[in-house]
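Labels A, B, C and D are assigned to the chains in the order they are written; within every chain, residues are numbered from 1.
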Amino acid sequence: MKQVRLGIIGAGRIGNVHSQSVANDPAAVAVAITDINRDSAEQLASMHGISRVADTSRELLDSPDIDAVLICSSTNTHADLIVQAAQAGKHIFCEKPIDYDLARIDRSLDAVERARVKLQLGFNRRFDSNFARVKKAIETGEIGRPRLLHIISRDPGPPPISYVKSSGGMFFDMTIHDFDMARFLMGEEVEEIYTAAGVMVDPAIGNVGDVDTAMITLRFASGAIGIIDNCREAAYGYDQRVEVLGSKGSIHTGNRYPNQAIVSTGASVRRDLPLNFFMDRYAESFALEMRSFIRAIREDTPTLVTGIDGRIPVAMGIAALRSHQEGKPVKLSTISSTTATRS
Amino acid sequence: MKQVRLGIIGAGRIGNVHSQSVANDPAAVAVAITDINRDSAEQLASMHGISRVADTSRELLDSPDIDAVLICSSTNTHADLIVQAAQAGKHIFCEKPIDYDLARIDRSLDAVERARVKLQLGFNRRFDSNFARVKKAIETGEIGRPRLLHIISRDPGPPPISYVKSSGGMFFDMTIHDFDMARFLMGEEVEEIYTAAGVMVDPAIGNVGDVDTAMITLRFASGAIGIIDNCREAAYGYDQRVEVLGSKGSIHTGNRYPNQAIVSTGASVRRDLPLNFFMDRYAESFALEMRSFIRAIREDTPTLVTGIDGRIPVAMGIAALRSHQEGKPVKLSTISSTTATRS
Amino acid sequence: MKQVRLGIIGAGRIGNVHSQSVANDPAAVAVAITDINRDSAEQLASMHGISRVADTSRELLDSPDIDAVLICSSTNTHADLIVQAAQAGKHIFCEKPIDYDLARIDRSLDAVERARVKLQLGFNRRFDSNFARVKKAIETGEIGRPRLLHIISRDPGPPPISYVKSSGGMFFDMTIHDFDMARFLMGEEVEEIYTAAGVMVDPAIGNVGDVDTAMITLRFASGAIGIIDNCREAAYGYDQRVEVLGSKGSIHTGNRYPNQAIVSTGASVRRDLPLNFFMDRYAESFALEMRSFIRAIREDTPTLVTGIDGRIPVAMGIAALRSHQEGKPVKLSTISSTTATRS
Amino acid sequence: MKQVRLGIIGAGRIGNVHSQSVANDPAAVAVAITDINRDSAEQLASMHGISRVADTSRELLDSPDIDAVLICSSTNTHADLIVQAAQAGKHIFCEKPIDYDLARIDRSLDAVERARVKLQLGFNRRFDSNFARVKKAIETGEIGRPRLLHIISRDPGPPPISYVKSSGGMFFDMTIHDFDMARFLMGEEVEEIYTAAGVMVDPAIGNVGDVDTAMITLRFASGAIGIIDNCREAAYGYDQRVEVLGSKGSIHTGNRYPNQAIVSTGASVRRDLPLNFFMDRYAESFALEMRSFIRAIREDTPTLVTGIDGRIPVAMGIAALRSHQEGKPVKLSTISSTTATRS
């Protein structure tokens, strides 16, 4: 196949990241971009040499010279755009989450299936060399059969309250990455979730019905047990680590740092703080996920993060929230309600 | 005060450790030792220069030249020996646990209180320089108000099944140290416990009604949340680590290694395995706890690990077991039954 | 200033690296490329969207639409090309070394000075975040006045013998980077060099008159002392570290690794090997040095690696070689011979 | 053999350390101690249960119930005491150095050889688990044939000037340990030494003719090359590390720390300073060297640090000093002068 021709929907921060990745990959070319704010679209077009700025996503989806679209717009538009793109016969890369409503997610996935187009979800952390290394240790049997999993996932500081109100809350905007990571690493599904959570960072977060700190227990189908450690604020910055104990050994990952320098003075032996947030920490994984999507199209192979991978973490978020509300473990099999509701 | 005169009850492995510590502390002298196996007692007496071997613990408790006793005999004798020692007016160092029956523990503590003698429990890990450093970081405010606690506590391999049968099970012979550590580090009590556990190491352990792997969630009175990660087997050896996230930062500890050498070859960058079991790993803390007990007697100050510190971890074990059995969180305040019972 | 228009001379591996950097920097554009192998030039032109392939460097230097050239051709062409580019009024980025003959270097630098164009030498390691952090620690006084410097610089394996024959030898093709690093970090000049070196990796290297392993002592003007540890082969890969002891503390840097994962099994606690060679290890610094050169042109500021920075390391190489040949320390001030000669 | 009966000559700090080691080793007993300050001797006797305080070393050497002596008195007494002890038929453990005069050393070693008694020198660092691990990596071929050696050996702060005046200077009181380490690790002799040294810590040290900072190059018989990095002052404390590059890999050791805790705050990721001086850092190795001496006597095997191991480091110190004075490399084979003389 020749170069994959891409259309980009959404010219915000993540649209910029993906445009840059496409510009650096000789296997693809971005032929058009659109955004509800035309200025943003024009700026990215100029920066990354994208020749056309479309007025609407509709116009872009109707363009016959586009093979695939990158959905980088706001979350509430994802489900509909997936349906429209699928109906237009375009392959789809969509930022997570698809939606917070399982019924809407299911409609999107149905459309994708009927259209037989490819769909890849933006769980970029799967492409991080640390987590990929853990996955490999599990898959190759290097550490034997997994028994216990730790996912440490802490942000440098809480987002604005306005974001917390609209995002669906911590379990949906933050833990969702960790739910995906848990499934990805272990290669199996979670059956039951127990959430211990609270408001420890900022009472304002509690006032809008959310939590900011949690320890979430996951029971996997095999009997293995995991925990996710989440906090909206870590004074020392972005903290993203994983540890797995298996029958033959363990693997754990550390953070990434701007340098490998150690300074020793009369006060302490110290190093600089870790890379502070996801744009720096996961720069490599953003590039790799886009390359992976482009390759899946060119080589007509399955994408590495599928539609169902976009659905299950949302169901896990619903279960985690319900466990928190009810104070007891919740089985994933009972998640029939289709929307997360915060008290 | 002149040298503290000690009598040692029990000449097994832990009796040997404490005898050695006493021999190296100029502030105390071991004047007598006893054991149900007289040969063992005579051997230790010879190794550590203890002048007298008593026939029975009774004879030892009746000796007017003894200020304090070290109870290093089997667990089922602890509660009665504490009562007898207290009635004989001796200060008491007792290996953990006091008992698995809360009513028996309470009778022991009553006797100690009435006799106004000192009692110190053998939670030696409190004296480990790593955990003491974490405690200091919390107490001095170095990491701010604690939010999340991790205790990783894995053994190199499972004990014999016979031991599992008689020990009360993993929550009582292994986790009990971690329950104590959780209270010690956080400086507050646990209010609710949720246990996710299973048999992943050896089915034979499950056959006698015990588990070998667990992730235990602790909710503290302040709202802070902790987890204890336990496994009866870690292929790489003894694994004892702690991590606390606070409002101003975090602290975590690593394992101790026989050396600080790193070997780099064409295969990997590697180091030798950590110190393999508690006798090596906690050698320092065993010495420090005994010194602390001797100092408490000489200076007439409270012991650093009291009777109630011996009681609460047992109640926590009962709660953890019940949570495991019932599959839901258990409040500590509901622990009225006085004995742990395994199904 | 608008975009800097660049011409690239040499389409080999390093020409490719710099073409990519230019393509990612919106402040510059590569307008032409040339190579003695036209196919190579055309391939890079196609990959990086360079519109024109020039037949000769002369044609490129005569192009009025070119502001600056990147000299990425073989070392023996550097000195002449610098002279020609300067006379053509082009700013110059030149890969190291300029030449092995001090007289030829001086003629190049004279031409640059007369033409008042900018010259930057390709000592990319100065832009590595580790070494930049060490430089900062020294400049800001974080570790006080420097006393002792270690530069560890080991390659994964020796180059082909043909390369060793033509490169000028280890002191000129490998240590030259470390000589630059020594001056860069310490911010002062070396006055005397003592070389202890030998052939330990491959006798064939000795047969062509070179060494493959060395410990080179540097005495700085301030009295500080440094050593450079060089070996053509390290079984575990590319090893690039620095350590400085100062009056208030020390700083040392570690290698860079493909991931931050630690695997613990019954055999060892290990991690994967470091990034294996300079294209991976110094990827970031290659991009930053090019951005720095482009910025110097746009903002009309001095380049961060000047012509004299290209001359002195060659003089140091001559001194190091002479010290090795004579078995005694050599003062830099005595380097009047203009060419390195190997016995 | 039954318990080895030891006499201790010298009740200072190091006499105390060895007395403690003997007290903890059931294979030996200290039966007498002497010191020119009788109070010191009586104090140690009381602390460690040594039954007899001798008036003079003569009295002690004449005691028929003593198998071996530990010479812990001041350096200027070592050579004569070795001769006297050998003539009295006692095995000898002697603190380093034997003397600074090669002729006097030779007379001592002659006496030992004629008397066929055992002599062990107090190079305790050989028994440190880190350096022993490096030795093992070399001996077993784990890292192949050694090529380059680094010994980093820095003190927390300079000794009093009075000590510097009488000690023979840095090469004799500090580097002597590193000279021994170099020979011990590499298992071969140094043939040539080049010293680059200066006064960077305190001008008063220079005023009495000594240096306080040095980088010393060692050429081994095999062609391998080493450096010793010495400084009288490291702001962050006692720094004792080793690194060896071999044909199959490398090994390096780190410092020892009071704990393995890492604190992360908004300022840095840090740990506490390393163990601050040799009494803490090498506590283990002091105990092991004494156990090794006692075992050599009981089992009638050679000591692990012999008389010649005491002589050669002094010759190396003389060569290092001469290299410093003359500004050029010095061959060990030319060290015929028997005394170190500082200008």
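The definition used in the following text is that contacts are C-beta pairs under 8 Å (C-beta built on N, C-alpha and C of every residue); 3 or more make two chains touch, one makes a residue touch a chain.
Keep in mind that what you see is a predicted model, and the values were worked out from it rather than measured.
Interface comparison, B-C versus C-D: the higher count of C-beta contacts falls to C-D. Greatest centre-to-centre distance from subunit A is found for D, with centres as Cα means. Computed centre separation for the pair subunit B/subunit C is 58 angstrom, with centres defined by C-alpha atoms. Between subunit A and subunit C the centroid-to-centroid distance comes to 40 Å (mean Cα coordinates, whole Å). Rounded to whole angstrom, the centroid-to-centroid distance between subunit C and subunit D, based on C-alpha atoms, equals 43 Å. The multi-chain contact residues of subunit D, meaning those touching 2 or more other chains, are 234-236, 248-250, 264-266, 272. Those residues of subunit B whose C-beta lies close enough to touch subunit A in the complex are 144-145, 147-148, 150, 154, 194, 196-198, 200-201, 213-215, 217, 219, 223-227, 229, 231, 233-236, 239, 245-250, 327-329. The part of subunit A that touches subunit D in the complex is made up of residues 234-236, 264-274.
Looking at the complex, you find that subunit B touches subunit D at residues 23-24, 26, 47, 129-130, 132-134, 137, 142-143, 248-256, 258-266, 272.
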